[in-house]
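Next come two complexes built around chain A: one with chain B, the other with chain C.
This part shows the complex of A and B:
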């Protein structure tokens, strides 16, 4: 009986949490005063999609993926080239990006995840560099280092998403859908296998699960999320060039994952927000802001490996417990009098 | 034509030795700590800046002492990195923390380089320049020095690993950390020493590539990545393998210019990496995984 009420309570709590989150997301553009701030929020949303995907392979399965920038770039270029050179609708470009993600996930996952070890980290980091090099040198298609200009905005039945606020709501829908899929997948049979792979791969293999194909699946999901985010980014910026898709971007995505805490979907959003917004705040330090940012994150990694948010929650819980204890004690003393 | 091909092969061997040294340097760290040092390209860059920017241009010290001082400072830095990042992060729930630790460190080093020495590339005038002609082929002196120094480094490292106590301990730790700590080897200290040696090899690479690439902030970006490929192609975690893999990549990559546009030269090593992972994941010399 108590258990039932507990799950009811949990459900209620979840509904309340989701409603408040939705309300915050809806109200945010009214609170933020400048277009620039909304643009930063849009970036947060796009990066959240990437991190949600990265969570599967790096967060849940525990395999290092350092080539997310390559996937991001591939998605962006697929839809940008289709839209500018062939006049294909961005929505079909999105499908193209998903196909790209599938190809990358299979093509890169097969050679590197069949083997045990750190091969994925090495191949993905190489892949990312190759994508950037090809984008910079295949001038006839990608425009070389000058990049692609005038990428059209998304439009739906004549309604063009051409301002930052409009795009914000569109991306929010994408992120909501991404979060929904991520939750469903993490709670599915596959999600549970992913988690167990991180904890004890040998035991999983002993239970008759083909761990290589599971890892490849997780990686493919990651690649698809990355490519979708890339496509969104292309139509959001309106202009892409190879210099924005460096290894530093891949590192940033993993930092987001790490700051938010590995394996948690809420943490992913938190991480994407912190890693995108914190450098903007630190810009007051001018030349030193990158240095300060990296140092903060490095120290954070050493002292709060469970993620900043969860470290914070832990501290608050401890404080609440202490307070309650104190209240309890004073209460008892009061009763004794 | 024949002379051009010979020239390509020789410069391929020279740059291949550089990849081999990179392979050796990260394999050492991998063997001792089970971690990949993703800040190694930035360490190479830092070595070049300390040597060229501070020791030679600013303080005007003569070359042998400058080289020695650079080795010393980089060795100490390597040991500090091991103590500050590898040792605390190596036993965490996931190796992501350690990998990210090294990547963040790399970014911090890159930022420091930009702040201390400025973003403008420079070079050391007259340092390892000039050419030697053998038959009809022209070979630059830098390439010859690279080959000689690399062979010396590889041989002396091998001797060090075979005959000294520290070297033997390093091989033990590479094989089995728990067993070697039970045998009284201080694994933590060993990781510090190994990372220090690895940082010194990074400095050697840095000094050798100054005449090839000048001193820039992106000095080691591509050789850092190709060193990883060299290690995998030769046999992951096996030092002689790194040398074979490095030479193979260097020569194939330089000959690829004959068939491919030169801009895609950097893609070759990655394609080789994927081909080897599919066809022969244990590499040239590695044991079957």
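This part shows the complex of A and C:
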């Protein structure tokens, strides 16, 4: 009985949390005063999609992936080239991005079966650099270092998502769907298998699981998310060039994942938001803002390895417990009188 | 009685070392078959060959009528072989229940996409897995600990949980590599009970063990390895009195102790 009411309570709590989050997301554009701020929010949304995917590889399966910039770039170029050179609708570009993701997931998944740790990380960096170099040198298709300009906005039945606010709502829908899928998968038997692969792959294989296909699945999910985010980015920015897709971007995604805490979907959103917004806030320090930001991240990594959010939640829980205890004690004393 | 596991001239060569040297072994259905021998005799190597972890240098391995020589591990597992490891292999950051549930992943059907969108189906599958895992944990006497993180459990419990994970695939045969090592006497007693109960339900065990109390109390048949060679096989009674086994493994002290009892 007690268990049942507990799960009921949890359900209620979750519904309340989701509604609050939705309300905040809906009214945010009214709170933010400038277009620039909404643009930063749009970046948060797009990066969230990447981190949701990266979580499956680096968070759950525990394999370092420093190639997300490459996935992001492939998605962006696929839809940008299709839209500008062939006049293909961005919606079909999205499908192209997904196909790209499927291919890349397999392409990177196979080496991951043989390579571990640093070697895999280097391979993913290599992949990302290859993508960037091809984009920079295959001038006839990608426009070389000047990149691709005039990428059209998304539009739906004549309605064009041409302002930051309009795009914000569109991307929010994408992110909501991305969170739904990521949560369903991470919270399922698949998420469990990914985590167990991180802990001990031999034991998983002895349970009759084809671990090769599971690792490829994790990479594929990551790549699809990365490519979709790239496609959104292309139509959001309106122009892309190879210099946006460097290893810095990949590292940033890993930092977002770390800040949010490995393995948690809610943490992913938190991490993407903090790592995108914090530098903007720190801009008041002018020349030093990068330095300060990096110091904060470094200190965070040392003291809160499980992610800032969880460290915060832990502290709050402890305080609540202490308060409750105090109440309890004073209550008992009152009863004794 | 048919044969369940059959090794024919099975050999493993590690560079200069012949760790397992052309052994022939025939394990019958519905038995607890023990493999004993001094350290470095090649017992774990034998199990690693059976489970496809090591390739077989020469010879064949048959299980339940299938030739499993050279098959990948997961396929061998799907044919009905489960296993525990000499150096435990568990998932320390996951709960005991989750650890056991991983063992049942293979018996589920939904792919990744259907898991996402078929909310009811996924829930049903998850509940099925959970119920099965909980039943197994009850049998192992670990049910109360199901929500503890594996890394917080004592070594002995972690070890017994490996058997539970192996049972999740509904195997015909479980290979136990030194399950009693590191267990205290009361845990050892529980282990024997668990093995006997599972045996009673139709599971067969292939058991590597140094603890002779455990071996003598539960095994039907014993094979003895020494330096990669099969030096004796027979019932526990026969093995206890085999001069060669006493000389190379059990030792004179064991004989005296037996005589005293």
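We take it that the second predicted complex is superposed on the first by the 331 of 337 C-alpha atoms of A that agree within 3 Å, B and C clash if a C-alpha of one lies under 4 Å from a C-alpha of the other, contacts with A are read in each partner's own complex, and residues count from 1 in each chain.
Definition applied: contacts are C-beta pairs under 8 Å (C-beta built on N, C-alpha and C of every residue); 3 or more make two chains touch, one makes a residue touch a chain.
Treat the numbers as computed from the prediction; the structure is a model and nothing was measured.
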So, does A:145 touch the first partner chain B, the second partner chain C, both, or neither? neither
Report for A:119: first if it touches chain B alone, second if chain C alone, otherwise both or neither. first
Which holds for A:163: it touches chain B only (first), chain C only (second), both, or neither? neither
Which partner does A:206 reach: the first (chain B), the second (chain C), both, or neither? second
Dominant toucher of chain A (residue count), chain B or chain C: B
If we overlay the two complexes on their shared chain A, which of chain B and chain C does A:10 touch? Say first, second, both or neither. neither
Regarding the shared-chain residue A:192, is it in contact with chain B (first), chain C (second), both, or neither? second
Can A:181 be said to touch chain B (first), chain C (second), both, or neither? second
Could you give the residue numbers on chain A that contact chain B in one complex and chain C in the other? 198
Note which residues of chain A are touching chain C in the complex, please. 180-181, 184-185, 188-190, 192-193, 195-196, 198-200, 202-211, 217, 221
Chain A residues within the chain B interface of the complex: 58, 62, 64, 66, 108, 110-112, 114-119, 121-123, 125-127, 129-130, 133-134, 137, 198, 248, 251, 254-255, 257-258, 262, 287-288, 290-291, 294-295, 297-298, 301-302, 305
The residues of chain C that touch chain A in their complex are 51, 53, 73-75, 77-78, 82-83, 85, 89-94, 98-99, 101-106, 108, 110, 112, 115-117, 119, 122, 125-126, 129, 162, 165-166, 168-169
Could you pull out which chain B residues touch chain A in their complex? 36, 38, 85, 88-89, 92-97, 99-101, 103-105, 107-108, 111-112, 115, 222, 225, 228-229, 232, 236, 261, 263-264, 266-267, 269-270, 273-274, 277-278, 281, 289
